[in-house]
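Next up, some structures in structure tokens.
Two complexes come next, and they have one chain in common, chain A, joined by chain B in the first and chain C in the second.
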Partner chain A sequence: MTAALFYPLSLMVWRSFSDPELGFQHYLRLAEQPVYLRITLTTLEVSAIVTLACLLIGYPVAYAASNRGPRMRLILLATVMMPFWTSLLVRTYAFMVILGQGGPFTSLFDILAWQEPPRLIYNRFGAILGMIYVMLPFMVMTIFAVTSEIDANYRKAARSLGAGPWRAFTDVYLPQSYPGITGGVLLVFIVSIGFYVTPALLGGRKETFIAQVIQLNVQEIINWGFAAGLAVVLLIVTMTLLLVYDRLLGHESVMRPRGVGSE
Partner chain B sequence: MNALSPDRQGNMAGAKSHDLKLRDLSKKYDQHGEEYAVHDMNLDVVKGEFVSFLGPSGSGKTTTLMMIAGFESLTSGDIEIDGRSIAGFPPEKRNIGMVFQNYALFPKMTVANNIGFPLKMRGISGNERTQAVERLLNLVDLPGYGHRYPRQLSGGQQQRVALARALVFGPNILLLDEPMGALDRKLREQLQMELKKLQRSLGITTIYVTHDQEEAMVLSDRIVIMDQGKVQQVGTPSEVYYQPANSFAAKFLGVANMIAGEVVRESRAGGIGKAAVAGAELHFYSANAVPKGAKVDLFLRPECIALDGHGDGADKLEGKIESAIFVGEATRVTVRLSDGTLMNVTNSNSSGFVEFAVGNDVTLSWDRGRALALTG
Partner chain C sequence: MVSKLSLPNNRISRRKALKIGGAAAATGLLYTPAIHAASSNKVVVGTWGGTYGADQKETLFDPFTEATGIEVEIINGSAMNSAAAKRFVETGTYEWDAAGFGQIEFTVAHSNGLLEPIDYSVVSSDDKTPDTQFHDFGVSISTTSETICYRTDVFGDDGPRTWADYWDVEKYPGPRGMWKNAYTFVVFCLLADGVPYEEVYPLDLERAFAKADEIKDDVTVWWTSGSQSQDVIRSKNVVMTELWSGRAAALKKEGVPIEISYDSGVLSKGWWVIPKGAPNRENAMKLFDFIAGPKPGADFATRQLYGPTNLKSIDLIEPDLRPLMNTSPENFDKQLQYEGGDYWVENLAKVNERFLTWLVT
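For the complex of A and B:
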């Protein structure tokens, strides 16, 4: 298992130094041309916004699914899982139709006699919206996996001890749901960083993601070495963020098993 | 604030105690359904009293507790503390301490923070809080455990922390929902004694839910026997044991002998009548008036029956010994009556051991009026 993961990874790292010839040329090029720094920053920024938005929307959904009875649970989870019944590509094209010129939203603006309907796709807004839509189920399901296991008696105990509904939530429920939050945030953020299809189709030319540049180098320019270099950078950025995140959150870590080393 | 102070170790019953009244309390979970989880419950709990709700699974014990604590709405009726209705208050405004079945200790907080939680919610901070937590840890015999997390405690210790947390803010009433359910027998007995002592010394009005009859008898001033959402009987442990109100209460507590018969001489309420039973005519005491011809069950506890046919005025029945088991302080004998009824008799060995041979004929006897007629 580890070997199966490790082999292609080391092959990739090796390629970034050796293809087509031995040396640091790919990394030098990455460092010299500001466009790559901008792409990396765009990728991180958009991913962060998407992750935050997914958390803000996903937490209440997971909360309601965990606490508002079996009917609500069924309705919410079915709605959240619905997108998985169609392919990512189809969903993204659907988004293009809905948000694009002549779609329901721009038509609505037309009817309301907007001077110039705002552009909803082929820009950062479109990319973010599409990514939120795709990533939301992952956030909801990760948080739900934790919140659905929180016994209702904890909140009852908090209430009987003098906490109002809000304090019972912030002081007792929320801390118990942290593992779900950290897990969801990590998952969505990391998958977002490596995203390709959605930003490529819904984003503008300025919202290029690293994954797109990698794809370009692999399939069109056929510069495997440079693609590998980009991938290594992406990997290092992701790992660094992971470590920082892990450090910041201390013993709520997802990387260490719960309860170990927390006292 | 009314956090418990250290000098309150003595009996403070009365001074700080509160009474609790349930008035025609009913609960239907399904508004449109017919089924009552609790039906027309009436109960007066006096100041400092320890009352147990005892009943089989699904009899409405937890539901009643949840209504008192404020977690379930009332379908009808009212709940009063010191004569004032609390039905309109949310749980956090009722000042009721509650110990849950699984304790519900907050896993992300230390023991000290768990116990300090209700004080924190009441805006008590710093030294005052720390000291109150220390006092309570001492009270439940867990000094120095404040820095631990709940998962680092044994079941019995967790229970005591839950108790400390429910007491630290000086609640008006203490509610406990099967707090011993997860503990082994020996620990249970020890904790029962501790709880009883603590409850006495604090004088706090307490309601305790259990389906363990022995536990209810050991702990309670009075027991409320519940079945299918209805109160079957309220009484002291000895009352419910020796004077069950109906056959449910009789069978639910301890071992009950019930002999079916027909009244041949009527009885007024609280009087003595006579019934034809298994080929004999026996006296019975009845709390209610029973007319001639009524079907009754005569109820007798095993230890009330003698096997030597003593006394002239006693009621007697003949039977055959089916089994005899020596258990130390007594011998448990089962006797088959002529009508097929199986009787359990506990024969005390307090004045020497007597051998009972299986298959022998034997005479069962008891003082006149000892048998109780049950109609329900």
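For the complex of A and C:
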């Protein structure tokens, strides 16, 4: 597995220094042209917002699925998993219909005779909403995998020792679910960074993701060396962010595996 | 990169390679290209799939098989661009022997030395019009135009017809659509600014992007695919948009209230090409000889409404369909004929970078 990852990766890194000629040409261009930094920052910013939103929505869902009985669990998980059975492209197009002109929202705005209604699509809002919808199941399932294993007796013990329900949650339940939160955040954030279709179809001109620039250089301009350079920079930025995250907030994370699922 | 694993000069142990291959296959990430035997009785073509691919099959490939006995194997939805050609040539494994490229892809592939020269002893000029169809490295059977389309339920008959009109947000208010594509957009900017056709190349980028600033906030949708371009005007998310001519004609035929303007259209050709060293290249030449003839060209144009490049095809097209096409005389004469091949070889990357910078700022 390690070889399967590192062999192509090293080929890519090598290409970024050697195609079409040996040297730092691609990295110099990346440094000289501010547009690539800007697009990288946009990609990271949107991905961070999506991740945070998925956590805020996903945690209560996972919590309810773990603590509100088998019936609720079934309903919630089925609802969350449903989108997985439809292709990404179809889901994205569905959003275009729902948020766009003639969709339920614009019709509602018409009924309300709203003069200058907000646009819901072809801007950052549309891109973020579409991405949240795609990524939410990943967050919910990752957190649920941990919360469903948390023994209810811990909280009962806390309550019997005099803690209020909120205190029992924050001091006893929440810390036990940290591995799920960490895993979910990492998963959602990393997958989001690589998004291509959803921001391209639901975002505006500023929601150009780094994957689109890589694609442009791979497919249209066929400057594979530069595309490799872009990918390497993105990889380094992502790794750095993950390390920082791990140092600051990581509790039991992939880099220091301890608590997940253990007693 | 991944497919380099199959190269003989690869310094990697067999066990390691198996491990890598196994892992990659297990994750389903590795595409395994089919390896085609030489001197077979077939030719493999790449198509976009969809109705376009289905029409290609019915009007071009099936009649070819009927006429010659050579089987056409179709790879649907495969990547058909310079990147694919480069991958085939670099790795020696070919997913297809022939495919139709757009003008700019053709230019890029050709300038990178990725194409097989056309054998004009096989592709005969008898029933064709070589001036409009033949290139040393490609054969053309159809065209496409960048057009402006507007909703007639918004503008009536007096809609935006030129790029100058498209830029005129006072006279023609409303959200606009545009292809998120550098090499077309910069040309439109110059046309909007009143540059005559014959002075478009070499592009004055300063002038183009100064003009671009004027329309920046009024382009609502920067579409990235043909089907998206149709969706945004069909659903009235925009009241006008750039559209590819065949897509536009199809929408009009479908009954969507739009008018198509060729008044400052940009017409370019599609090119059938063979990646250098493709195993069934001889059969591909025979295929080109057939599909570049008058009847296949006419039949395909009838279906997809992209005008033919074989001038002998035109008489075979139903008269009432002809005005819908970008190549009908009244439409043809109004348009900028794509040139600038050499310009784009030099400047494509630079213009793209500038466009991207402009776009996200």
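The criterion applied here is as follows: the second predicted complex is superposed on the first by the 256 of 263 C-alpha atoms of A that agree within 3 Å, B and C clash if a C-alpha of one lies under 4 Å from a C-alpha of the other, contacts with A are read in each partner's own complex, and residues count from 1 in each chain.
In the analysis below, a contact is a pair of C-beta atoms (placed from the backbone, for glycine too) under 8 Å apart; a residue touches a chain by one contact, two chains touch by 3 or more.
What you are looking at is a predicted structure, and each value in this text was computed from that prediction instead of being measured.
When both complexes are overlaid on chain A, chain B and chain C end up sitting side by side without clashing.
Once the two complexes are overlaid on the shared chain, A:Pro175 sits against chain B while remaining clear of chain C.
Contacts of A:Ala4 after superposition: chain C is touched, whereas chain B is not reached. In the superposition on chain A, A:Tyr122 makes contact with chain C only, not with chain B.
Look at A:Ile222: by the touch rule set out above, it reaches chain C but stays clear of chain B.
Judged by the touch definition given at the top, the superposed model places A:Val191 against neither chain B nor chain C.
An angle of 150 degrees, to the nearest 10, separates chain B from chain C at the C-alpha centre of chain A in the overlay. After overlaying the two complexes on the shared chain, residue contacts for A:Val213 are found with chain C alone; chain B is out of touch. Once chain A of one complex is fitted onto chain A of the other, the partner contacts of A:Asp151 are limited to chain B, with no touch recorded for chain C.
Counting the residues of chain A that each partner touches, chain B and chain C differ, and the larger count belongs to C. When the shared chain is aligned, chain B comes close enough to touch A:Arg167, but chain C does not. Closest approach of chain B to chain C, taken over C-alpha atoms in the A-based superposition, is 36 Å. Within the complex, the chain B residues that touch chain A are 69-71, 90-92, 94-98, 100-102, 104, 106-108, 117-118, 121-122, 149, 151-152, 165-166, 169. By the touch rule above, chain A contacts chain C in their complex via residues 1, 3-4, 7-8, 11-12, 15, 33-35, 38-39, 42, 93, 96-97, 100-102, 119, 121-122, 200-201, 204-206, 208, 213, 216, 218-224.
Within the complex, the chain A residues that touch chain B are 151, 153-154, 156-164, 167, 171-172, 175-176, 259, 263.
The part of chain C that touches chain A in the complex is made up of residues 1-2, 4, 12, 16, 19-20, 23-24, 27, 79, 81-83, 86, 104-105, 108, 112, 180, 219-222, 224, 228, 231-232, 235-237, 348-349, 352-353, 356-357, 359-361.
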